[in-house]
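Two complexes, one shared chain (chain A), two partners (chain B, chain C).
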Partner chain A sequence: MKKYLSIFKISFAQEFAYRVNFIMWRVRNVLQILLVFFLWSAVFTNPQTELFGYNRDKILTYVFGIFILRALVLSSRAVDIAGEIARGELTNYLLKPINYIKYWFTRDISSKALNLSFATVEIVILYFFLRPTFFIQTDPLQIFLFLVAVVFAVVMFFGLLVLVNFVTFWLPEGGWASQFLIIVIFTEFLSGAVFPIDILPEAIQNVLYALPFPYLMFFPLQVYLGKLSMTATLQSLLISGIWMMFMIVVINQVWARGIKKYSAVGR
Partner chain B sequence: MDKAIIVDHLIKNFEVTEKKQGVAGAFSSLISPKKKTVRALREISFSIKPGELVGFIGPNGAGKTTTLKVLSGLLYPTSGFTQVLGFDPWDRNPKFLKEISLVMGQKNQLWWDLPAIETFELNRAIYEIPERIYKESLNELVDMLDVKKFLNIQVRRLSLGQRMRLELIAALLHKPKVLFLDEPTIGLDVVAQAKMRDFIYDYNKRCKATILLTSHNMDDVVNLAKRVIVIDKGKILFDGELRELVSRYAKDKIIKIYLSKESDIKQLEKIGKVKKIDFPQAVLVVPRATAAAAAAELLHHFPVADLTIEEEPVEEIIRKVFSGEVKISEKQ
Partner chain C sequence: MMSKNAFLAMLNHRMGVVIFTAGKVLRFTFFGAFIYFLLSKTNTLAGYTLHQTLFFFLTFNLIDVISQFLFREAYRFRPLIVSGNFDLILIKPINALFRSLMGGADILDLFTIPPLIFAVYYVGSLLDPTASQVILYIILVANGLVISTAFHIAVLSLGIITLEIDHTIMIYRDLTNLGRLPIDIYKQPLKGVLTYLVPVGVMITLPAKAMMGLVTPVGVAISFALGFIMMTLMLRFWKLALKQYTSASS
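For the complex of A and B:
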């Protein structure tokens, strides 16, 4: 355990070595929230408007919630795995008494901690500029379920990302393309990061709920906003938990095959 | 344990896809990739005792690095038996990994954007080195390699020589009992090479570590290894004392003479191959068997002031072994 605490610390230190990079990433996040914020506040100019079950307060809470969830769920360092495999740097880790998957999970957590602390500060500042009215969840049970959903989402996204990066074992040049497709396109649009999923036609929604994506951002926020019945919440938690377990099993299996392939090529 | 490393009938094949030249070639290899098997190791066997320092030599692509990678658990052997410190390397048992280290001249583990000391701290945690022992061995290594002033500088701002020394520290903090060194002096200047060699020699003596070293640098091998294994095209050609390699393949002797006055240099050619003439000195290479006769003839026919008969330099012999000028028969 101490091992991974040290990895956490050094990873944290390294993020600061790329200061400009980090700041640009944060700026991008703030711009994104501003864009979505103004879009929705234009739609809900009249405070009485209610669309797709959202009123002005709830949609703005949704936008700010997404902002925090982005830092928690989507900020990640594991995107570097593909490069490490392609360049043969994986060798360094294989020589050490360390679990590569746990190593990257630790680095992801460190990245999330850093991003979350920045996002919190930014949100306070944005709050004073934009003065939105928030929906504050007060039911402790609902908050607890929300946190469970977030943990599931964090692990699931990590699994998804690692899986996509492991493509590099077989296609050394394929890491970037698969990352773009799965992470940028699918995750951004199908997870609820840009718009709430429940504004889509019901048929599409039903398909989406069978996939892991809505459980990354949309579902946890729905729990926070208290928009789901207890049955629906538990049912979704179950699906999301199954996806999470599935990811864990699959990445470990793919890893075992991947390093055999890696070694066969002899990088 | 009487053997630190055992390798028995080890075979390693690689599957490679051939890529043809040009656009049409790239397209055809996309549709029907041609697989080719490269036989990197063809049944090699050897064993190494604890505390031994063995030089592993051979031309590029001979299979040296492949052997080191199999022994450190990076490559899965196609067939054959390997054992290091009683472990099967491929299992990558944490206990095994804590006892070995592989240093590759062209690969680095130091975090590029951070000072080296951060990587050292990380390795302390990964290898679970107790604080007190870590401090001790860090100080020792830092002194021996003279890098105290570079510890807190971002790695990317260091020179290659400085970085290589720090890489070595990162690889040795956990005091491995078995050390695989792949081209440890590559790219270093002469002074840095000498420092590195002194250090390796010292580490072997002090920690009773088993070291397997590959190098293209003859100085490394000659200065460090008593025993050498010569490998080429995946086969072991020689395994034994360096001295024995030299005596077996030193087919020539070198005669150096000092002439007291100028004489017909053409005549020297009749006695042996003239390697260098820099009046008054001349250097001749003659076959070992006729060295005495050649010397007598020189003394008889030339105004020789001084004459010495020497062995060929080791580097020269190994160079000839590599270039195929002398044929090495297979290991008996």
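For the complex of A and C:
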């Protein structure tokens, strides 16, 4: 456990070694949320408008919730795995008494902690500039279930990202493209980061709810906003939990197979 | 010849290229579908109808994709500066700016641009424009590309001076992404910033508005002036940046 704590601290400090990179990354996150915020502000100009089950307060809470959950769920250092495998740098880790997947999960948590700290400050600044009205959840059970959903989402996204990066074992040049398709495109749109999934027709929603993406950000926010019945919440939590366990099992299996394929090309 | 070399280099990573292109097409489709489903319920967005909003989105994509097609090499500029290999470009009998900016056109976009132009034509025709509106649209799109060129020159110049280019170019992309929808959705001062300071509005929203007959002669004149001024300033900035290049690692 101590070694992972050290990894956490070193990873945390490492983020500050590339300060410009980090600041630019945070600036980009703020810019990305502005489009979504002003779009929904324009749709809900009239505070009495109710659309897709949202009113102005709930949709703007959703937007700011996306901003926080991006920092918590989607910020990850594990994007570097593909490069390490392709360059043969994975060999360094195989020689050390450390579990490679746990190593990256620890680094992920470190990155999320830092991103969340900054996102919280940025939210406060954005609040003073944009002055949105918020929906504040007061039901302790809903808040608890929201937090459980977020934990599942964090582990699920880590698993998904690692799985996509492990493609590099078989396709050394395919890691970046797979990341772009699955993480940038599918995750961005199907997780509810650009728009809530429930604006889509029900037939499309039903297909998407069978995939892991809506459980990354859309579903936790639905729980927070109290938009789901308790039955639906528990059902969806179960699906989210199953996806999380699936990811954990699959990445370990893929790792076991990938490491047999690994030939340290580039070393 | 440079584009041919870029194409041949791309063929070495066929699978990655196919997946990457599929991702770009999907991104376009998802956002387009989102606009469709949203406006099918709301009917308007900031006073614009579904067809108008789709046209703004298509114009954004047209300018964005053509810029990426032409200036893909700018995304490969940082390694040249950091390694000092930029020296090898400076000593060749080719304009260094031209080589750094347009030395590796993204041939894949040759497949995505024609359907995009068709989509712009189709949705544009639904707006029932006059001939003069169409001509003004084309000229303003060209002006938008001039502004985009100026932006890319600025990014390259900053890259020489600061060695930081990757995030700068992505911030430029994030700013232009704000033009996916008409900038009328934004409030002041952001709207003012996007119109005059980082002229995303002039680049993207204005051409689309020209097609709808919503621009004034003064607005058009300002946009051309802005394009000219930006290009002139950025070319000077490039020359200044070249004087700062220290070839640190070569």
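Methods note: the second predicted complex is superposed on the first by the 262 of 267 C-alpha atoms of A that agree within 3 Å, B and C clash if a C-alpha of one lies under 4 Å from a C-alpha of the other, contacts with A are read in each partner's own complex, and residues count from 1 in each chain.
The criterion applied here is as follows: a contact is a pair of C-beta atoms (placed from the backbone, for glycine too) under 8 Å apart; a residue touches a chain by one contact, two chains touch by 3 or more.
Quick caveat, the model's predicted, so the values are computed rather than measured.
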- Please indicate which partner A:116 is in contact with in the superposed arrangement: first for chain B, second for chain C, both, or neither. neither
- A:228 contacts which: chain B (first), chain C (second), both, neither? neither
- Message: Per the contact definition in the header, classify A:25: touching chain B only (first), chain C only (second), both, or neither.
- Response: second
- Partner touching more residues of chain A, chain B vs chain C, is chain C
- Query: Thinking of the overlay built on chain A, is A:171 touched by chain B (first), by chain C (second), by both, or by neither?
  - Reply: second
- Once the structures are superposed on A, label A:38 by its partner contacts, choosing first (chain B), second (chain C), both or neither. second
- Query: In the superposed arrangement, does A:94 touch chain B (first), chain C (second), both or neither?
  - Reply: first
- Which of chain B and chain C A:263 touches, first, second, both or neither: first
- Which partner does A:7 reach: the first (chain B), the second (chain C), both, or neither? first
- Considering only the touch criterion stated at the top, classify A:51 as touching first (chain B), second (chain C), both, or neither. second
- The shared contact residues of chain A with chain B and chain C are none
- Item | Partner chain B, residues of chain A touching it in the complex | 2-3, 5-7, 10, 13-14, 17-18, 88-89, 91-92, 94-98, 260, 263-266
- So, in the complex, the side of chain C touching chain A is made of residues 12-13, 15-20, 22-23, 26-27, 30-31, 33-34, 37-38, 41-42, 45-46, 164, 167-168, 170-171, 174-175, 177-178, 180-181, 184-187, 190
- Which of the residues in chain A end up touching chain C in this complex? 20-21, 24-25, 27-28, 31-32, 34-35, 38-39, 41-43, 51-52, 171, 173-174, 176-178, 180-181, 184-186, 188-189, 194-195, 199-201
- Message: Considering only the defined contacts, which chain B positions touch chain A in the complex?
- Response: 14-16, 40, 66, 69, 72-76, 92, 94-95, 97-98, 100-102, 104, 107, 109, 111, 113-114, 118-119, 121-128, 154
